[in-house]
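Naming follows writing order (A, B, C and D), and every chain is counted from residue 1.
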Amino acid sequence: MKKDVNITIDFAGLKLASPVFTASGTCGYADELADFMDINALGGFITKSITLLPRKGNPTPRVVETDAGMLNAIGLANIGLEQFIKEKIPLLEKMSAAIFVNVAGQKIEEYVQVTAELAKQPAIAGFELNISCPNVAKGGVHFGTDPAGVRRITEEVKKAAADKVLMVKLTPSVTDISVIAEAAVAGGADALSLVNTFTAMAIDTEKRRCVLANRTGGLSGPAIKPMAIYLVNKVYNEVTKKSGIPILGLGGIKNASDAIEFMLAGASAVALGTYNFIQPARAIEIVDGIGEYCRRNGFDNVHQLTGALE
Amino acid sequence: MKKDLVQRKKGVFAARIISNHQFKGRFCRMSLELAGLGAEAFETVTPGQFAEFDLTCASLPSPEDVPVELRDAIERKILLRRPFSFSDVRIEDGRAIIDVLYAVVGAATVRMAGLKPGDEISVLGPLGNGFTIPVKKKLAILLAGGMGAPPIQHLAKVLAAGFKNIEVVTFAGAKSSDDMPFAVSDKNTAIGPAEFPDYGLEMLIATDDGSTGYKGLVTECFRQWLQTCEHKADDTIVFCCGPEAMLASAAKLCEAEGIECQVSMERRMACGTGLCQGCAVECGTGNSGQSVYQMCCKDGPVFDSKEVIFDL
Amino acid sequence: MKKDVNITIDFAGLKLASPVFTASGTCGYADELADFMDINALGGFITKSITLLPRKGNPTPRVVETDAGMLNAIGLANIGLEQFIKEKIPLLEKMSAAIFVNVAGQKIEEYVQVTAELAKQPAIAGFELNISCPNVAKGGVHFGTDPAGVRRITEEVKKAAADKVLMVKLTPSVTDISVIAEAAVAGGADALSLVNTFTAMAIDTEKRRCVLANRTGGLSGPAIKPMAIYLVNKVYNEVTKKSGIPILGLGGIKNASDAIEFMLAGASAVALGTYNFIQPARAIEIVDGIGEYCRRNGFDNVHQLTGALE
Amino acid sequence: MKKDLVQRKKGVFAARIISNHQFKGRFCRMSLELAGLGAEAFETVTPGQFAEFDLTCASLPSPEDVPVELRDAIERKILLRRPFSFSDVRIEDGRAIIDVLYAVVGAATVRMAGLKPGDEISVLGPLGNGFTIPVKKKLAILLAGGMGAPPIQHLAKVLAAGFKNIEVVTFAGAKSSDDMPFAVSDKNTAIGPAEFPDYGLEMLIATDDGSTGYKGLVTECFRQWLQTCEHKADDTIVFCCGPEAMLASAAKLCEAEGIECQVSMERRMACGTGLCQGCAVECGTGNSGQSVYQMCCKDGPVFDSKEVIFDL
């Protein structure tokens, strides 16, 4: 009865153990999650955004819960390129999942420099270009909203990425996401990931102050899923289906059923973000759940789910 | 013994409610029981560690049964776990029993208060680093402010049980008698919460309004007491948990007196496990004048008070 | 102890009994809500979108629940201008709340025609220009994303509206909402309302079909509140504060506390949408809750809340 | 009597759970009690009307206690009320008692199954238009498909109690015996659910797989029975509730035979009160070939079958 299902996927030329990633900024440097699950069943692992120099990030409070979601304004806190190479690469080397480094910066040159340096590291499979972070004053989301800018930064970083996979992470907060996706593809993106968080705000009515020290933050979690599904489906239909570029779908995934929604909408792989905080073993449960779904529905290869929406 | 180590690591465990009741104003006590791997994981908890409870499954009371000021707040559809430290952890018949002392303040704790014996919740833990007890000290001073009481109670018990050579003095403060998260003797003096006398420890109480014990801040009460104290600064250690302003003032006092001081910090947490970087505590880096953010959940919640740059 | 609080407001020249509206498409034609509360305590009442000709709307399913939210794709179902005047105006005439008719169409001429006709009705206080509905093939959100288009349609409809108040309802799904708000103000808008729903999708994984017959729908409910608060605050700071144009804030309001968040962020009034479905007396409870909040916090006039964020 | 009228109108009422248990597979029965204005509002309910239950406050069981196929679904943070019709409504000691027969199928009904006697939920109702019983008919045929049973049970009772001159024949169908939302006699024949025989009514059962009663569709069973029926078409009326395909086929059959037929429709509902226009049912407008959408919650859920353009 149990049909053998192939849950490995080809993602922009990488052979991955499963279509499930953990999302940037929600999975530490893997050692934290290793306490809870076998992280080698993950298809991919994406680091917190890395910048050229260390960044302290924003003052506290940095997080607040909202209805079925949360806001974060971490502010790209990270240890910087040098320390990342020294301290974290040795940890990541031990993982069998494809390691993507999420790269951020304030200027194109910064993105290029970080990417070029990390492209030399054999432990790294690819990059996720973060041009969509809403929580920094300069850079971040500003790069992600202008098609010409997106194309240029993608081209430059692509050169620096050498033979590594370059994935561009799109912001959802634009009038037409397909235009931006098209620009990233034209710039040479090997894959697209969507979505990053939605800019949002929470107010403490008793103090009459924003809850977050940074005032605004990025909304993530189940609340955003229906919007993320729509955007993935739109980009799939209008941009990537014809070009064959894979999409990493994310935004509000809680469980296998949500992950499958993203794949049916057009994603080749999915990433778990906020839910890692709630169920730190959930990413692996999703791997199993997707396999189970394929079996039950007569798919022998998980990639058959991609875009299988009627 | 490799297996042993693996089994004792933190994890996600089902815990069964043994008892849960509101005992005074908005304050409640809950006891939880963990079996199997959960029991093993919690066997070695130190005071100041905590766990993240998933309260999303708990029912919501009728609006009429909720304090007016919380009625809007509880309509939020909660998502994240909530961090709680322990007022006691013990092993009975191979099961870990966890006591939690908590205040009903919002969407999750209102749900928590409705849990009934027999109900199950998911507990993620144990997490963070608790208080470190240096064996060669002769005097331990415990400072609890408001809802900072639980880990201090836990610590008091551990000290009383295992460190007979360390003298312990406890200070507990709150805005007023009603805000003390434990019963207070009707003599209106420095006779403390139910648990503390059990451990045979000295206890002083301070309230801002003088409704019980010393009238004034608990740190001021402590400062005055310290002037009469005969122990050497080197032989003394202070452990604090409470509002950040109180921790800051205790830290300042201890620094001035040359007393070692450990503070248990509180931050809004999304994960409790070091994944999100949400719970930043600003810490100095020696004399450089630079600061870094450490994570309350993973590097703390207990910090050496000299490291912390308090957020006031 | 109880200080007398003035909860009436001046909204674009209209004197309203309270700052609480019910939102277009979520409150029927008032008779349904009258079963549950005294609708005369409402400040304003906004009708479902009215078009020139009757519209059947989209096939079923038209609604689906999502995490802390819902999608709708009603498709501007309405009885059309003629029947509206004949059947509904007499009902609305009896209400003391300010009646706003939400106007939609496929061409500018249609908007103008509907507005001009209704401007003759004394029962109507103003119009809400719906250039932001995501659930129709033509018109709807397409009008709302191009600044020049927004300005033009606002100008044209403003002329037709004669002495009635013209409120323009903005879509949240744009790169920079302030640019659109600015265009509406330049076109002569007397007030702005934000936000409309966010375009979104839900997939039935067992059937591998979109749940909604229309495939996509608009996301509303508590899930969207943090984004709506951010957008209101942005438009207030960047556009309306200086021009003195009032904002009607909405999106995910559940209770008085949420309503106050919107006012602190910059809204002069608020509208309750999806929550009318769950608690049909909630709008009035919010009126009371806002008064209570003012009393507790020493505001003697509800308009002092507008923009009172630190 | 103006006051009386006002009080009896629909509203939002607190209802107390009297009993609630899973009695067969995924099927549960719940009884609720309403006092005061709620009792008055529900006193005059007719079969086929419904109410909207707020189940967001109910607790969620541990994942292990939830059928595997629902484990993902129940993690959704629910927001909207859920519509339920009644299998009986009666007044006892001035209180309205409402019986609900329901299936656990998703996020809200899983929570519903966990409600315990004494718990309270908010009920919005009564809503919609129920079945209309034309007094001059001589034969009423009741067709229940799957979870369409509750209002049919309610109607059966009302007919038995108040319309002695109308003969009643009931047909109940399901995929298989296990999918019948009531106990079936072990004789495996056309002896019906617990409640029906109580009312002394004739009952025929059909299952697609023949596991109980007639093997085949319930409408086919009905069609065959009709051929032997001696009542005139004009004296007969059919009342149906069940899956849309079943309603459509009953409607077609009745139209061919010239029998009046009322169908109770089901739609996804956001409000239940006519506010959202979400629950559209396509209806013809005479001979014009045109159609309009009527609202299931407000114009229905019971419609004259000739009006409805079924969505198959």
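Heads up, the rule we're going with is that a residue touches a chain if its C-beta (ideal position, glycine included) is under 8 Å from a C-beta of that chain, and two chains touch if they have at least 3 such contacts.
For clarity, every value in this text was computed on a predicted model and none was experimentally measured.
Visitor: Quick check: more C-beta contact pairs in A-D or A-B?
Guide: A-B
Visitor: Taking the mean of the CA coordinates per chain, how far is subunit B from subunit C in Å?
Guide: Subunit B and subunit C have C-alpha centres separated by 46 Å.
Visitor: Can you check how far apart subunit A and subunit C are, centre to centre, with Cα atoms defining each centre and the answer in Å?
Guide: Distance between chain centres, rounded to whole Å: 34 Å.
Visitor: Among all residues of subunit C, which ones touch two or more of the remaining chains?
Guide: Where subunit C meets two or more other chains at a single residue, that happens at 66-69, 221-222, 254, 257.
Visitor: Which residues does subunit D have that touch at least 2 chains other than itself?
Guide: As it turns out, subunit D has residues touching two or more other chains at 76-77, 79.
Visitor: Once you draw an edge for every pair of touching chains, what topology comes out, line, ring, star, complete or other?
Guide: Complete.
Visitor: Please output the residues of subunit C touching subunit A within their complex, sorted ascending.
Guide: 66-69, 71, 145, 173-176, 198-203, 205, 207-210, 216, 219, 221-227, 229-230, 233, 252, 254, 257, 260-261, 264-265, 293, 308-310
Visitor: Taking the touch rule as given, give the residues of subunit D at its contact with subunit C in the complex, in rising order.
Guide: Residues in contact with subunit C: 9-12, 54, 76-81, 124, 267-282, 291-293, 298, 311.
Visitor: Give every residue of subunit C touching subunit B within the complex, in rising order.
Guide: 67-68, 222, 254-258, 289
Visitor: Can you tell me which positions in subunit A touch subunit B when the two form their complex?
Guide: Interface residues on the subunit A side: 25-28, 32-33, 35-36, 48, 56-70, 72, 74, 77, 221-222, 274, 276-281.
Visitor: For the complex, give me every residue of subunit B touching subunit C.
Guide: Those residues of subunit B that touch subunit C are 71-73, 75-77.
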